[in-house]
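Below: the structure, in structure tokens.
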Amino acid sequence: MKNWVVSMILLFGLWLLLSADLAVPILIAGFIVVFLIVLLFSVRNPVFRDIKLGPKALAYIIIYPVVFLKALVMANFDVARRVLSPSLPIRPAIVEVRTILHSPIGRLMLANSITLTPGTLTVEIQGDSLFIHWIDASATDINGATESIVRGFEKYLEVIYG
Amino acid sequence: MINSILFVVLALLALSSAITAVLAKNLVTSILAAGFVSLLASVIYLLLSAPDVAMTEAAIGSGLSTIIFFYVLNKVRRSGRHD
Amino acid sequence: MQIAHIIGGIVSIVGSLFLLLGALGIVRMPDAYNRIQAGTKATTLGTLLFLAGIGIAEPGWLPKLAVLILFILFTNPVSSHVLARAAHHIGIALTSRTVADKLREHEEAARD
Amino acid sequence: MGNALFSIAAGIALIALVTAAYRFFRGPGAVDRVIAYDVLTIISISLIAVISYLARRVIYLDVAIVYGLLSFLGVIIVAKYLERGL
């Protein structure tokens, strides 16, 4: 049920953005299309089943994009520094980290966030382990890498997805 | 002004990409270069104020034909390995 | 109205500088993985700022630009992850400056 | 004034396109070319957006949306082909 409601709200928002029109026939047509899509696809793919909708989770859903955008801007200045300096200061490694998230969508969000933050790129996910290409590896053991790459996002995603 | 600069540079890039598509030894390179020609062609159509042609070129030239080429290449490779 | 166009233009120029940075990154970096890193991050923020600048200049276009921005923000990391995975799967070599490759060790341990 | 600034932005994006095309034409392996192709499509999306601003026609943005969708599909297909799992 929660899955249905969240999917319908998100898809309806996308419809509103695409049509950019608030006339009544368009709204009704959008509602019918969204309902059919959710009916056909959400039964087999319960994407939002594990999302939590308590007040703390809602607050974190609003905070998370801010944290993420800040990390994205930091990542870009990091890339700029490395690309523009003549000596190309990189020390790459592929490290293994562990995550405590269980839901697939939570892991997807975590992997995407890791890819867009300073110097890290998700290469492979196997079970609880994420293998990450790190452009400036300061720690190559599991615990040290987990501490410095994953913790910052997991703190928020754990509350939102669990 | 900027429109003419865009036009000339994009056309030169499309030309060199087409030459790459013809001369490349590797088939993957050829297909990607052909897709890149379609990409540049659709931007050029847009500069000539033909958004409908540009959209068709984007959908068919760059999207569909690249996907079909790779699909067929995959089939050919798989059947070749069994022989 | 004029001031919005000027602010939007400056934001777009900053975005295009990040796009240039991403292009420079894929030319300068030594191996495929580092190229993916530079390419993904710089072009994501670059496109985001570029489209945001156009949105500031023309507020009526914001819904469509928002769809485009959301789409790029979600698909760009996925496609770079898929590319990195394919590169590692077919055994593209890492650069000689690499200090560790835990994934290869993991796969070799699984095969034994 | 606005047009001049956006023209400069379009020019810098064009330089970025040429720089990324250098990696596309040179790139030693197929993977390098696919990376360059991905970057090239994203730069062209920006270029299409600025062309639609300079022409003041919102319908041009639809081409950019179609482009974003299809280039994502294309990159996924190429990666799957390289991974031998299509």
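All chains are identified by letter, namely A, B, C and D, in their written order; residue positions are counted from 1 within each chain.
Throughout what follows, a residue touches a chain if its C-beta (ideal position, glycine included) is under 8 Å from a C-beta of that chain, and two chains touch if they have at least 3 such contacts.
Model, not experiment: these values are computed from the prediction.
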item	value
More contacts between chains, A-C or C-D	C-D
Separation of mean Cα positions, chain D and chain B [Å, integer]	12
Chain centre separation (chain A, chain C; CA means) in Å	15
Chain A and chain B: spacing of chain centres that average the CA atoms, whole Å	32
Per-residue overlap in chain D, given as positions that touch at least 2 other chains	10, 17, 34, 62, 69, 82
Junction residues of chain C, two or more chains touched	22, 24, 36, 64, 67, 76, 78, 80, 85
Category of the chain touch graph - line, ring, star, complete, other	line
All pairs of touching chains, each written as two labels joined by a dash	A-C, B-D, C-D
Footprint of chain B on chain D - complex, ascending	7, 10-11, 14, 17-18, 21, 24-25, 30, 33-34, 37, 40-41, 44, 47-48, 51-52, 54-55, 57, 59-60, 62-63, 66-67, 69-71, 73-74, 77-78, 81-82, 86
Partner chain C, residues of chain A touching it in the complex	14, 16-18, 20, 72-73, 75-76, 79-80, 82-84, 88, 90-96, 111-112, 115-116, 119-124, 126, 129, 131, 133, 135, 137, 140
Residues of chain C that touch chain A when the two form their complex	18, 21-22, 24-25, 28-31, 33-34, 36-38, 40-42, 44-45, 63-64, 66-67, 74, 76-78, 80-81, 84-85, 88, 94-95, 97-104, 106
Interface residues, chain B side, partner chain D - complex	1-3, 5-6, 9-10, 13, 16-17, 20, 26, 28-29, 32-33, 35-36, 39-40, 42-43, 46-47, 49, 51, 54-55, 58-59, 62-63, 66-67, 70-71, 73-74
Chain C partner contacts - residues on chain D that touch it in the complex	1-2, 4-6, 8-10, 12-13, 15-17, 19-20, 22-23, 29, 31-32, 34-36, 38-39, 42-43, 45-46, 49-50, 53, 58, 61-62, 64-65, 68-69, 72, 75-76, 79-80, 82-84
